[in-house]
Structure formats: C-alpha cells, structure tokens
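Labels for the chains are A, B and C, by order of writing; each one numbers its residues from 1.
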Amino acid sequence: MPDKRITIRATRYDPDKDQAPRLQSYDIPFYDESMVVLDALNYIKSNLDGSLSYRWSCRMGICGSCGMMVNGTPKLTCNAFLRDYWPRSITVQPLNNFPVIRDLVIDIEDFMHKLKSVKPWIIRKQEIPLGAGEHYQTNEMIDDFRQFSECINCMLCYAACPVYGLNNEFLGPAATALARRYNLDSRDQGLKERQPIVGDAEGIWECSFVGECSVVCPKGVDPAKAIQQTKLDTTMRFVLPYGNRD
Amino acid sequence: MSEKVSSRPALAHLFWWFMFAQGGVIAAVLLPIHILFQGILEPLGFINVATPADVSLLANPIVKLYLLVLIAVPFFHFAHRLRYLIVDFGVHAAKGVPAQVVFYGGALAVTLLTIYLLLTTAPITF
Amino acid sequence: MSADAETHPAPRLYRWRMPANWWTRNRHYFLYVLREFTSLPLAIWLLWLLYDISETRLVQPTAFAVFSIVCLPFALYHSWTFLSLAGSIIHIKVLDRPVSPRLIVASQFALWIGGTLVIGLLLLWLAP
C-alpha cells in the first residue's frame, strides 16, 4: 500500500533575519489515522527541520499551550486531526491578533496581564477561621459557575475575536469568563474588586457579541455568554442596588 | 493597561448598552409586522389597515405614545450598533466621545423630532 | 518579555495587523456584520414612516412598498438573531433551579409572535 503523505505549510519568522513571516512547505508521511497537526509539527522538527519553533505540552487538549491557526481557524493543534484535512494541505500559522516572537510562537504577555487583572482567585472580605471548617457548596452552587471554570487559557478565543484584533486594549473573552467564574462562586466576595476592570469601557462594553470566541473554544466555556450575562448583571446591579443579587 | 481608580462600571457605556437592549426588543418584536402591513400589503392594496393617513387615529394620545416608543427607542439600538459597526471597519475614532455625541445625539434628535411631529401633526384636542 | 540585554537585545516582535477585509474571511464574521448592518435599513424605514405621519398620508406608496420589501428580510433577520441571542443571555432561577436557555429563547419568540398578532389585529381593526 503506498504511503500517504500530506503537505504542511508552516509560518517561519526569524526576527534576526526576516522582515516579515513567510510560509514554508514540508511534505511528511501521514502514517497513522490518529495523527494530529501537533504530531506533524513534531515530525518536522525531529526529522526535517529542527529550527521550527512552537509551543506544546500535554498533547491532550488540557494544557492550552498548542493553540495555532490551522487553515485559518484557531485550533489546539493536538486536537486537529490530519484526516479531517487530507489530502488538502494544512497551513499552520501563529494565533491571530497576537505579536509573533518567532515562527509559530506568539507573545502572550498581554493576555497574562489581563488574566491577572481580573483577580482569578477566591477573594474574601474576611477569611473564615480554620476551625469553622470548609466553605460548603452544593452541586447546584458549583453548576452556577462550572462551565466558566473549564477555561484552559489557550487563547483561541482571543485569536477569534475581531474586537480584540482591532483593539488590543479589550479585556477579551477568557479573562471576562474567568472573572465571572469567580463572581458566581458562592465562596467569593470579590465582585466589587473586579468591577473596575470588568465594567471598564475596555471591558465588557467593548464586546459586540460576534460570538466567534464561543465557536472556537475547545472546552465549551462559552465566553460570549459570560460577557453578555456580565453586561446584564452589571446593569441590573446598578439599576436595583439592593435587589437582584444574581 | 493603566490602573483604574473608580470602583463603578463605565456608566455611560452601561446606559447606552441598556438603551441598545431596550431598543432591540422593541425593534425585534414590533417592526416586522409594521413593515409587512403598513409598508408592503397596505400600499400594494392587499389589505386595509390603519395608516398615517388616519388623522383621527393620529390625534389619539395613546397612539402617539405608541408611535413614540416604536420610532424613537429603536434609534438608540441602531445608533449603538452602527457606531460599533464603524469601529469594526477600523475607524478607531468612532470609539471617542465626539462619535458618541454624533450617534447617541442623533438618536436623541430623532426622539425630539418624533415628539415634535407627533404633537404638531393631528394635535390632541381636549 | 525578558531579554539578556548585555549580549542579546529583545528580538523584534512582528506586530499583528488586522486586515481590512477580516469580515469577509469567515461566514460567521460576515453574518455578524450583516446582523449589525440591519440597523441601517430599519432606521431609514422608521424615518420614512415618521415622514409619512408628518404628512398624514403615504407620500410615495409604491416606492415605500418597494423599500419595505427590501427592509422586511433585514427586519426578520434582526428579530431572529436578537431574540435568539437574548435568550442565551438571560439566566433566571425559579425555585432555585435554573430555567433552561431553550425555554427562555422560546419565551422570547412567543413574545414576538404575540406582539405580531396583537399589533396585526389592532392595525386591521383600526382600519378606516
């Protein structure tokens, strides 16, 4: 049986030599139906061109490291199967909307800064004493925020969001979804502390509900829903300050 | 990103988003039937419905109030959407205060114009 | 980004530039722009209606009908997208159990159908 092959076109950018990124083609064997784009990149790096640079780690869709544009769509390359593209070639580019450091590696500083700015941890006005025991939480209370806690910080949503692409000041989908995850957590008392960032002009209000962030999210977080719900909650909270706690 | 001092959300944005939402509901629920009946079927003679020609109806204050809501509130929805659409086309200036004055001021102007026209056309007689 | 400034200055980042035609590259982006664009014909339609009200007659009935035929699909697309999305945003709890988003969307469409019926019947009933 003849060996199946597939063409991978990957972005190359050497900041010391290149003015702009360019695409380089690699022809590789497609030796197993379970191969993913990340396997293809690893094959290239191991066998054809050791200079190709890219991020990856767990290879199973949980670490969020291997996000790249695959044929124009932001995907986790460990979750993009070659069989879904073959026999057409696959173009692998660094995630949209971010500065490129080298080849397929993007500068994630902006996202890291935004993530930290929403204080994605339990904020207590007063810690309960150790002797009082745990914070009790029912399954229903966890269900309130469970979906938004699934975020793996892979930044595919930022690559998909045209608002972020046009305006780097925008807080963005994942950061807002995580802010909401903590705001909805019954143990958390930090909503007001997050308000200046989340409710800022460059926060939720910049979002025009394109919705592409939720389409590309590999974990079903639905950050678009998180942002719209935050808009509604923020408005209701302002209109009825003593009422609606939700 | 600079440090924010205020602990309140950006109130202007909150308010315009609220108006956008209200205008959206009204436009979504009411516009299609008005367009279908008063815009298409009546002028083409297929049905007979209330139209702007019915002066006695226009004189009714409840009708005036309904028309004010129908016409003016959706303009806050349109203003918000069109302003952000222009931002999406790369016009960064559309985010600034002058653009907000133009768009939301425009919606406000339409509201005032509507009030004026509704009060002066077929005026309410007591 | 840290760099060993003595021997290696920080490498040149290649800055992202948003292509002007970004909204044509993807079906979802195009539909989004279309959704937002519906505001324009609908705004013009309402202004035309306002004008006719100020003149207490349909000034140009045929032109208005033609324009309305163009506007109706935009209005329907606006209603469909707005009410579907509104359903996904609103989250309420009845007796501590969250109401299913499908039910909320259904209620939005029920509101639309109800409003259409009420106004439609009123317009017919109030005809001269």
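Assume contacts are C-beta pairs under 8 Å (C-beta built on N, C-alpha and C of every residue); 3 or more make two chains touch, one makes a residue touch a chain.
All values reported here derive from a predicted model rather than from experimental measurement.
Counting C-beta pairs in contact, the chain pair with the largest number is B-C.
Of all the chains shown, the one with its CA centroid nearest the global CA centroid is C. Note on chain placement: the centre of subunit A and the centre of subunit C lie 27 Å apart, centres being C-alpha means.
The centroid of the Cα atoms in subunit B and the matching centroid in subunit C are 13 Å apart. One simple way to say how far apart two chains are is to compare their mean CA positions; for subunit A and subunit B this gives 37 Å.
Annotation for subunit C: residues touching 2 or more other chains are 18, 23, 36. Annotation for subunit A: residues touching 2 or more other chains are 162, 166, 208, 231.
Across the assembly, subunit B contributes residues 81, 84, 88, 90 that each touch 2 or more other chains.
By the touch rule above, subunit A contacts subunit C in their complex via residues 13, 15-16, 20-21, 72, 96-102, 107, 109, 140, 143-144, 162, 165-166, 208-212, 215, 225, 228-229, 231-232, 246. Note for the complex: subunit B touches subunit C at residues 21, 24-25, 27-40, 42-44, 47-55, 57-58, 67, 70-71, 74-75, 77-78, 81-82, 84-85, 88-90, 110, 113-114, 117-118, 121-122.
By the touch rule above, subunit C contacts subunit B in their complex via residues 18, 20, 23, 33, 36-37, 39-40, 42-43, 45-47, 49-50, 52-58, 61-62, 64-65, 67-69, 71-72, 75-76, 78-79, 82-83, 86, 111-112, 115-116, 119-120, 122-124, 126-128.
Looking at the complex, you find that subunit B touches subunit A at residues 1, 4-11, 13-14, 17-18, 81, 84, 87-88, 90, 92, 95.
Touching subunit A in their complex are the following residues of subunit C: 1, 11-16, 18, 22-23, 25-26, 28-29, 32, 36, 85, 88-93, 96-98.
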